[in-house]
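Below: a set of structures, written as structure tokens.
Same chain, two partners: chain A is paired with chain B first, then with chain C.
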Partner chain A sequence: MKHKAASLYLIFVFVVMYLPIFYLIFYSFNAGDYMNNFSGFSLEHYRTLFSDYRLMRILANTFIIALLSALFATLIGTFGALGIYHTRRRGTRNTLLSLNNILIVSPDVIIGASFLILFTLIGMKLGFLSVLLAHIAFSIPIVVLMVLPRLNEMNPALIDAAHDLGANDYQVLSQIVLPYAWPGILSGFFMAITYSLDDFAVTFFVTGNGFSTLSIEIYSRARQGIDLSINALSTLMFLVSLVLIVIYYFLSTYQQRGSKKKRTLGTAVR
Partner chain B sequence: MHQTKAFNYSVPYYAWLLLFVIAPVILLLFESFMDVHGNFTLNNYQTYFSSGTYIRMTFNSVFFAFMVTVITLAISYPMALIMSRLKHAQFWLMLVILPTWVNLLLKAYAFIGLFAKQGTLNEFLTFVGIGPQQIMFTDGAFMAVAAYVQIPFMIMPIFNSLVEIDQSLVNAARDLGASSAQTLRKVIIPLSMNGVRTGVQAVFIPTLSLFMITRLIGGNRVITLGTAIEEHFLVTQNWGMGSTIGIILIIAMAITMYLTRDRKQGGK
Partner chain C sequence: MTQPIIEFEHVAMQYGDNVVLKSIDLEIESGKFYTLLGSSGSGKTTILRLMAGFLTPTAGNIYFEGKNINNVPPEKRRINTVFQNYALFPNMNVFENVAFGMTLKGKSKREMTEKVSEMLALVKLSGYEDREISELSGGQQQRVAIARALANEPEILVLDEPLSALDYKLRKTMQYELRNIQQRLGITFVFVTHDQEEALAMSDWIFVMDDGEILQNGTPVDIYDAPINHFVAEFIGESNIIPGVMREDYLVAFAGKEFENVDGGMRPNEPVEVVLRPEDLDLVDVSEGKLVVTIDDESFRGDYYEITAHDDDQNHWQVQATNSAEVGQRYGLYFDPEDIHIMRLNESEEDFDARLEQYEEEEAPDASD
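Coming up: the complex of A and B.
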């Protein structure tokens, strides 16, 4: 009986969590124009979506920003994690880590507003570059948090052994350290992509007029009311997320197998 | 030797710390002491504390964030508890995480359709005989959507702290004659408090600063600190006042972190 109640509750919460998403997907196939009265199956809204030149360009922008920012954030973040890893003094190390985490705990509006002040101060034009820089900036700390535990788990004797056997610093880095940290680096990269794809508030502050990402575009369209091509778009985005999370899931289980300490998937998010 | 080398590789990282972490906070603080013409002033803080509007807005914002946190916690704790006892717990956790990968704007947009005057929820209410209600642009709608968005971020940390509990402690409690309610109250809940604290932080602080949902769903009836900051920066262009509210938000955040800190000594 108790067991049954638990299962019911579980199902209920999952239904509530997924209902809005499937609701969006369901009505993307509606022949009518509103999110009620399903009047027949149609792919019309997908056709509208793909012929919407503006939206397609914004979609491309969004993915370019996501990939580029994730790439740079992963590069900078990985070497940042190495820097923290090599910092011997405990106090300095903790200070660096606290500084690193500031952007993770900061509310989006604060990040957005302070970046806006920064960009204005240095006289940067708001647009592609300011959005890219902002996305790199808020993705770096999560990369560090993904890579650093991996480095800490590494047996330091590995590095000493490599040095003893005559490897130079570059070889130690490329043959020992980076391969060992690779799963962490990859998860960091994927987290950075999702951070970028998901961001609305920071982008909203630093985007200026000409440049727009998907979140910004959906915001301005949603303020005008229902447009079912947005539903079609969300269906496609949902599929992309599904693919990404499957990749991420395999990466993290791979990482878990490789490490003695059990790390659960949930700690990685946000 | 290799230590200095690693430092060189890390230069961009340290530049990032300086330029995008330390500088913005200082700039925000400076800006909060500026008037619209860029002169030094304490007026922003004076206005904030003396005109009742800002104080009321802050209390409102804290109240809504508190309500959303309580609702989320009430839904999430039992959920995490049930999930932690399931066989394929990691799979269920993944199902919880998946919705967080759907763009926040799309989720808000879905609720516009659900809550609209002729929307699906109203059709349902008409069907069961209650009749259509005004749902959009109410406080309730705002809290429902905010809680919906935050639930995964509450479930995840609580779930993680629950699966980390040593099962033998639970067994020991049962062996010593504790009922399952007692085990829950005296063993499981205290041991999972860390997860609850993390969850509260992860929900309360972002809810204080939400501004998109307040506009799309709350119809500007609910003004959070975040909405006020956005308004001052992007609409009225009064950056000084916006920064002042930003500093208040940072202080609110610090207080939250302090109140929900890990009180045990010598932990990690």
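Coming up: the complex of A and C.
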């Protein structure tokens, strides 16, 4: 009885969460132009979407920014996490960690505004580069937060053991520490991508004329009334996120599956 | 005497105000099995980490084959470590773990395969090359850790309480196997443990440590039969320690009587502590005993009875007997003169050794076993 109620409640929660998205997806296939009566199935809005070169270019921009910023943020954030991990003094380490966390907690509007002030102060042209830099900057703390627990979980004797067997600092890092932290690095990378993809506030501040990302574009179009090609776009974005999650799932369980495969092979041989 | 492979010269270690090691001097000879024995916090693991190169001493010198290695990093020392929690690399399988050191040195694939199977055979894990670390039991992980360290062909293998996480039976087996491996390979083992039984069973030479100092070093038999002080006597096995007075050479008074013994070289009427091991005591008829005791308690331990008793001076005695005794009954307590061991109060290890040598020489001509 109790189990039934619990699962019913769970279903209810998921329905409430996914209903608006499915509503949006459903009407992207509408032959009509509005979201209030479904007059028949059509891919018309997908056709207009793909013939909208401006939107396609913005879509490309968005993904380039997301991938590049995630890549750089992962690189910098991983080494940042290593730096914090190797900080001996407790006080310094906690200070560094707090400084990192403040950036995650503080509102995007404030981060965006401060980046705008910084970029105008140093006389930088607003556009692709400013958006990329801002995205890298706000993704780094997320990567640090994903990688650091993994490092802390690691038995420090592993590092000693590697040195003991003849590894130098670089070999310890590349063959022991980074492989161990890999799942954390991976989730940091994917988190950075999603943060970059759906960021509106920071981008809104630091973008200039002629450069726009998807969230900015959708926002400005929505003010003039929703066009169903936006629905089509949202549907595609939803599918892309789904694919990203599936990729992440397979990458993160790769090692376990690998070992299982080896195990069955091993026992077969024996 | 041959040159020691490792030598510590006044080595001290401290973190801030916290002194972990006070001026340690020790020599390790090639090809023997050494044990550092002490309770946790005695500094034994610090000595190990100094040998392996994870720590640099705050004072003093460490020599490897006569060369100072104070500042040589662990990767450049021909010393390998077996860690307490094994520290196997979880992202590699058994083969990759054992071959790790060789991979770094760029050995050929064939050479590695050969060496790994040789090492796995040595630790009785042949055929386990493809296993993942997570699939192994604690005992198997322990063996892989030993194989990994030995695959690097060290001059010295240091082992940091490697058996403490294993169950009793497995620990016994591993003690035997470790000793066996050491004798087959002929390399030096330095083993750290807090378990005196382990130390006695495996070692050629034991260093007993407490509070950052080496209290006594010697063969297991020496340390067991002739502990230098109260701490060592209590730490190594069970013992009855009774205050006494050394009347003259070979005559000691305790529990209200005088006894013939085999120790000497002390001042007349010097207050001492008398050690009698429980297994050296026999319960006999009251008329035949050197002392008379009343049995307080008895517990069965499988191969012997552990009996506690008290004498008429209210000294407590522990006796290990093969036959049961009746609680509340009075028995005689019998021991031989050579079962009595005398400890002077606050005697240093050097004085102790010197005194032992001196009276053993005196005694030698007329001594009979």
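Quick note on the criterion: the second predicted complex is superposed on the first by the 234 of 270 C-alpha atoms of A that agree within 3 Å, B and C clash if a C-alpha of one lies under 4 Å from a C-alpha of the other, contacts with A are read in each partner's own complex, and residues count from 1 in each chain.
Going forward, a residue touches a chain if its C-beta (ideal position, glycine included) is under 8 Å from a C-beta of that chain, and two chains touch if they have at least 3 such contacts.
What you are looking at is a predicted structure, and each value in this text was computed from that prediction instead of being measured.
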{"item": "Which of chain B and chain C A:N36 touches, first, second, both or neither", "value": "first"}
{"item": "Touching partner for A:F50 - first (chain B), second (chain C), both, neither", "value": "neither"}
{"item": "Touching partner for A:I140 - first (chain B), second (chain C), both, neither", "value": "first"}
{"item": "Contacts of A:Y27 with chain B and chain C, given as first, second, both or neither", "value": "first"}
{"item": "First, second, both or neither for A:I102, with chain B first and chain C second", "value": "first"}
{"item": "Partner chain(s) touched by A:L214 [first = chain B, second = chain C, both, neither]", "value": "first"}
{"item": "Touched chain A residues, chain B compared with chain C", "value": "B"}
{"item": "Which superposed partner A:I176 touches (first chain B, second chain C, both, neither)", "value": "second"}
{"item": "Intersection of the chain A residues that touch chain B with those that touch chain C", "value": "163, 265-266, 269-270"}
{"item": "Chain C - residues contacting chain A, complex", "value": "52-54, 73-75, 79-81, 83-85, 87-91, 93, 100-101, 104-105, 127, 130-132, 134-135, 148-149, 152"}
{"item": "List of chain A residues in touch with chain C within their complex", "value": "155, 157-158, 160-168, 171, 175-176, 179-180, 182, 255, 259, 262-263, 265-266, 269-270"}
{"item": "Chain A contact footprint on chain B (complex, rising order)", "value": "1-3, 5-7, 9-10, 12-14, 16-17, 19-25, 27-28, 31, 75, 78-79, 82-83, 85-86, 90, 92-114, 116, 118-120, 123, 148, 151-153, 156-157, 159-160, 163, 201-202, 205-206, 208-209, 211-212, 215-216, 225-226, 229-230, 233-234, 239, 242-243, 246, 249-250, 253, 257"}
{"item": "Contact footprint of chain B on chain A as seen in their complex", "value": "6-7, 9-10, 13-14, 16-18, 20-21, 23-24, 27, 34-36, 75-77, 79-80, 82-86, 88, 96, 99-100, 102-103, 105-118, 121, 133, 136-137, 140, 144, 159, 163, 169, 172, 194, 197-198, 200-201, 204-205, 214-215, 218-219, 222-223, 225-226, 230, 234, 237-238, 241-242, 244-245, 249, 253, 264-267, 269-270"}
